[in-house]
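To keep things simple, chains are lettered A, B, C and D as they appear, and every chain counts its residues starting from 1.
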Amino acid sequence: MHTNIDTHRIVSICEDTLETPNVKTLIFQDNLSFKAKPGQFLMVWIPGVEELPMSVMVSNTNDNAAITVKKYGIGSTALFQKKKGDVIGIRGPYGNYFRVSKKQKKVILIGGGTGLVPLMRLSVILNKMQISCTLIIGARSKPEILFYNFAKKILQNTKHKIIVTTEDGSFGIKGYPTDALIKILEHDKFDMAYTCGPELMMKKVYDISISYDLSLQASLERYMKCGVGICASCCINDKLVCTDGTVFNNKELKMMTDFGLIYRNKSGIKSHY
Amino acid sequence: MHTNIDTHRIVSICEDTLETPNVKTLIFQDNLSFKAKPGQFLMVWIPGVEELPMSVMVSNTNDNAAITVKKYGIGSTALFQKKKGDVIGIRGPYGNYFRVSKKQKKVILIGGGTGLVPLMRLSVILNKMQISCTLIIGARSKPEILFYNFAKKILQNTKHKIIVTTEDGSFGIKGYPTDALIKILEHDKFDMAYTCGPELMMKKVYDISISYDLSLQASLERYMKCGVGICASCCINDKLVCTDGTVFNNKELKMMTDFGLIYRNKSGIKSHY
Amino acid sequence: MKRSTKDILAVNLAGISLDNPLILASGFLGISQEIFTRLYHEFEVGAIVSKSISLNPMEGYRGPTVVPLENFNFLNAVGLSNPGSDSFSNEIKNNDVPLLVSLVGSQENEFPKLIKKFDKLCILGYEVNLSCPHVAKMGMEVGDDIELVYRIIKRIKSVTTKPVIIKIGIGNTNIVKIAEIAQDAGANAITAINTIRAMKIDIKTERPILSNKFGGLSGKAIKPIGIRSVYEISKNLNIPVVGCGGIFSWEDVIEYMLAGSSAVQIGSSIGYLGMSVFKEIKKGIMDYIKKKDLKNIMEIIGNAHKY
Amino acid sequence: MKRSTKDILAVNLAGISLDNPLILASGFLGISQEIFTRLYHEFEVGAIVSKSISLNPMEGYRGPTVVPLENFNFLNAVGLSNPGSDSFSNEIKNNDVPLLVSLVGSQENEFPKLIKKFDKLCILGYEVNLSCPHVAKMGMEVGDDIELVYRIIKRIKSVTTKPVIIKIGIGNTNIVKIAEIAQDAGANAITAINTIRAMKIDIKTERPILSNKFGGLSGKAIKPIGIRSVYEISKNLNIPVVGCGGIFSWEDVIEYMLAGSSAVQIGSSIGYLGMSVFKEIKKGIMDYIKKKDLKNIMEIIGNAHKY
């Protein structure tokens, strides 16, 4: 029915799953989001509270889509509190997406926090294309690890390895996902790396990719108001994350002198990370 | 390009032909009008002067359409003065149209003045469907006879008879087209009659059709402002000529107590013919 | 007890009971009694507002007077053409459908004369058009003169006991302010909004298309402005508001009612969807009411004010 | 002698020469110098108007602040969020593209302070936003106060020699009247129109979607109102008018110029067609000029006034 991706679609949540004590996945029926490509995002209206960009998560059933939200400030906390039967408004999916080519035989994914969401959608495709895949899941501690079992399931038909890093060492390797990445790159080669997570983590991934001559696609997150390229609140240097991105490659990232250093706050003032 | 029939299309006249000293055919390129059905009309904007409803005339070449205008008041005179290279605005085609069915073997057409225009478009179809056709062309005098040779040409592949009546007897049969109609009906039968012309003429045709138990389709002309069913300036009883018509059958005409008697003037006041 | 359609959809507007909240807007099909009868019986409108009637007949402007625009809009400058009060009171002398007569005039003393022609007839009441944006000395120019508005309404109320609805629009005065003046003067309800002054120029001929150059914009384009106006007016006034502008679907009607409309008027969509738009919208609202299990559609009026 | 593209499209606006008449409207992409540079070099805009800048930073409203609507429209209430004059003057300190700084304030004495921050920088001049329809005490509420408008402009003109464009909109005052006041006070040009106060209510949640409830309507819906405004203003004033509202194609630009615009501003279409809309429109205008064999696009300005 809705052919216009831009006008709000009000959807009922038909399933909610607690992923960790602070992270919840909300599933709803929406054909347009069901077809979203990995890395694309929705603008999610939490009625009466806020509108927030959220990456499209994997859902298992046809015509369904999902988002996975981490409790944080006012907006995300209100969204986190939504449960089965509640309604939210969505528009999109917006933005470009992770590119996968048949020539890629072996890829590596580095995700931190809810940055793992687009990487899950990407994993579904890698699995289907039978591309060999190493996934690094970064978390602060064991209870915060996202999608460990889920990833195993959606990667089951392709050769894969899942590595978890925790900052406190309560599970998997102690340290940051970027530490794990360097270790792996010491003795292994990949056709492409994909990353999403906190910008500082992605900046490190980028720096590493340069050292190791690794092709990279990073999905950036910036403060977004419109999602459609008119307000510039999401800008990083001369690029708009919502329409030129969210996914940028090494070449583009190289030109972004603000990447990992400077963001704009709600007023549009440049601030340092 | 234009898929919206409602917004004005500005077209250049590519050919103009004088049909009689007071009647001119203007040809222009327009795919939507080219596909118009017989009886449908355009709203024609004469820039700076007026907008008038005009039946769609036959044009010979693909993608072209035509109108045939008779010099009368301010609007039609300005339109009559348009020539090759001039521009007019058109919207439409609007309205319903003459219905033709394969079951009809033999039909009769009664036209007066520019009312012959939709009958020409109808004739093209009758010719194609090889339906036997008697056409009565009514005119005041010889110089005002419309489409006599043209009708012969477009009816060439079907059995046809063309009868001309003139009020002054300067050509064909002296009298009104309705006189000729009665004479023909005395000894001949038809599956359908089609008429367009002055309302008083059509009213007579209708009365005759009742006496002779003849099926009839009449294309009515009323003062039109919008052409799309919102202003009611074209109303006749509870029908809108622009959207319920212009073509009505015996059954519908029977309910129209105003038919041939009462019309509404520019202010919407009921007036007698 | 099963409720009938009538009960569920019935609304009360300034003392007038309507079968349903869908009213034909003024200027649409508004001059013929036979069409009114058809609209009521065949298309099930809740009520009809006539074309705005002036004391004397008006021919209106030369064509083009109605210009369809992209995206389901119209631009019009018919010049308030209408048969005048004598002819129109004769037209509706045997009226038996729910009809409001729309009145237009440029001077205060025209209105009592107008009322005199219609007050004995079987009509629901009046709508006073103070908001036509393209006829000099009528409509909007009147509507922008706050003192004149007050006097006209006072005068009308002094000569009739029938309900009087004041139709206002987006002109050069704050719409809430005019509405308040109207309420103070005794208006029984407000209709908002009328068309908005606008223009289209054809780039090939370099001419404004309307013969009057300027006209009024109606249709989908103005709905967000209509919704805002209804919300603001109904939040500030005590008398009911009738929403108008860009209604094409039952969802649009619900949006207007949530904003605070007690009933709605529908015009331009007839040009794109035909008269059957009334029946289709009615059906949509019925389904909505059933799904939400409401007792009556009036329950939702102004619900958006909570936020 | 063959004319270059630049000659054919160049326009003069209140003493400012622009490569072409296509200006980025205020509030669109208007906070980043790097984006300004990209718009000028990659997308060939004629000039850029910055986001409206206030003395101090403003966070703006919570989301949703921008609501895309049907038929290529937007409703927005960003709440004039902007980095403030200190931060923004630092942002553009090395500017070398044709930039107008848009100013907004609620009090007369804020404007001289604003001018002080920007007057030494390499900018073309100022646009003063007197027409934001949804921020209390800023924009429209200022724009509707005719005497305040006069004083603000006088004050601004007394502290800068740079051209000052006044941006007005559809508020509660006759737009021609405000334009005339602005001209009298010394404005060098008028931009018309801004967004129009409007609202959208979601019928499932029964809530206004914008966090601020009310916002401004922009996009295709408002073009006929913009055209009318430009026509009326330019017919009555001597200073140039910049048309704004609903421009999506080269045909729209031509229509605005025939109505009397010396240049145009483009906003909402970027959201539906991308920044490349500037280049595409520019190409369309070039073809138009060639077909009509004009020496310069300025020849058509106000041609529709003949009728």
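In the analysis below, a contact is a pair of C-beta atoms (placed from the backbone, for glycine too) under 8 Å apart; a residue touches a chain by one contact, two chains touch by 3 or more.
Just so you know, these numbers come straight off a predicted model, no measurement behind them.
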Checklist outcome for this item: The chains touching both chain A and chain D are none
Checklist entry - Along touching chains only, what is the step distance from chain A to chain B? => result 3
Item to check | CA centroid of chain B to CA centroid of chain D, Å | outcome: 51
Checklist entry - Using the average of all C-alpha atoms in each chain as its centre, how far is it in Å between chain B and chain C? => result 36
Checklist entry - Taking each chain's centre as the mean of its CA atoms, how far is chain C from chain D in angstrom? => result 34
Checklist entry - Do you know which chain A residues sit against two or more other chains? => result 48
Checklist entry - Can you list the chain D residues in contact with two or more other chains? => result 69-70, 207, 307
Checklist entry - Looking only at which chains touch which, which shape fits best: line, ring, star, complete or other? => result line
Item to check | In contact (per the touch rule at the top): chain pairs | outcome: A-D, B-C, C-D
Checklist entry - Which of the residues in chain A come into contact with chain D in the complex? => result 4, 6-8, 10, 43, 45, 47-52, 75, 87, 89, 91, 225-233, 235, 237-238, 240, 243, 264, 266-270
Checklist entry - Contact residues on chain C for chain B in the complex? => result 27-32, 34-35, 37-38, 51, 57-60, 62-70, 74, 78, 81-84, 87, 91, 202, 204-205, 207, 209, 211, 267-268, 270-272, 274-275
Checklist entry - Okay, in this complex, where on chain C does chain D touch? => result 69-73, 75, 144, 170, 172-174, 177, 196-201, 203, 206-208, 213-214, 217, 220-222, 224-225, 227-228, 231-232, 251, 254-255, 258-259, 300, 303-304, 306-307
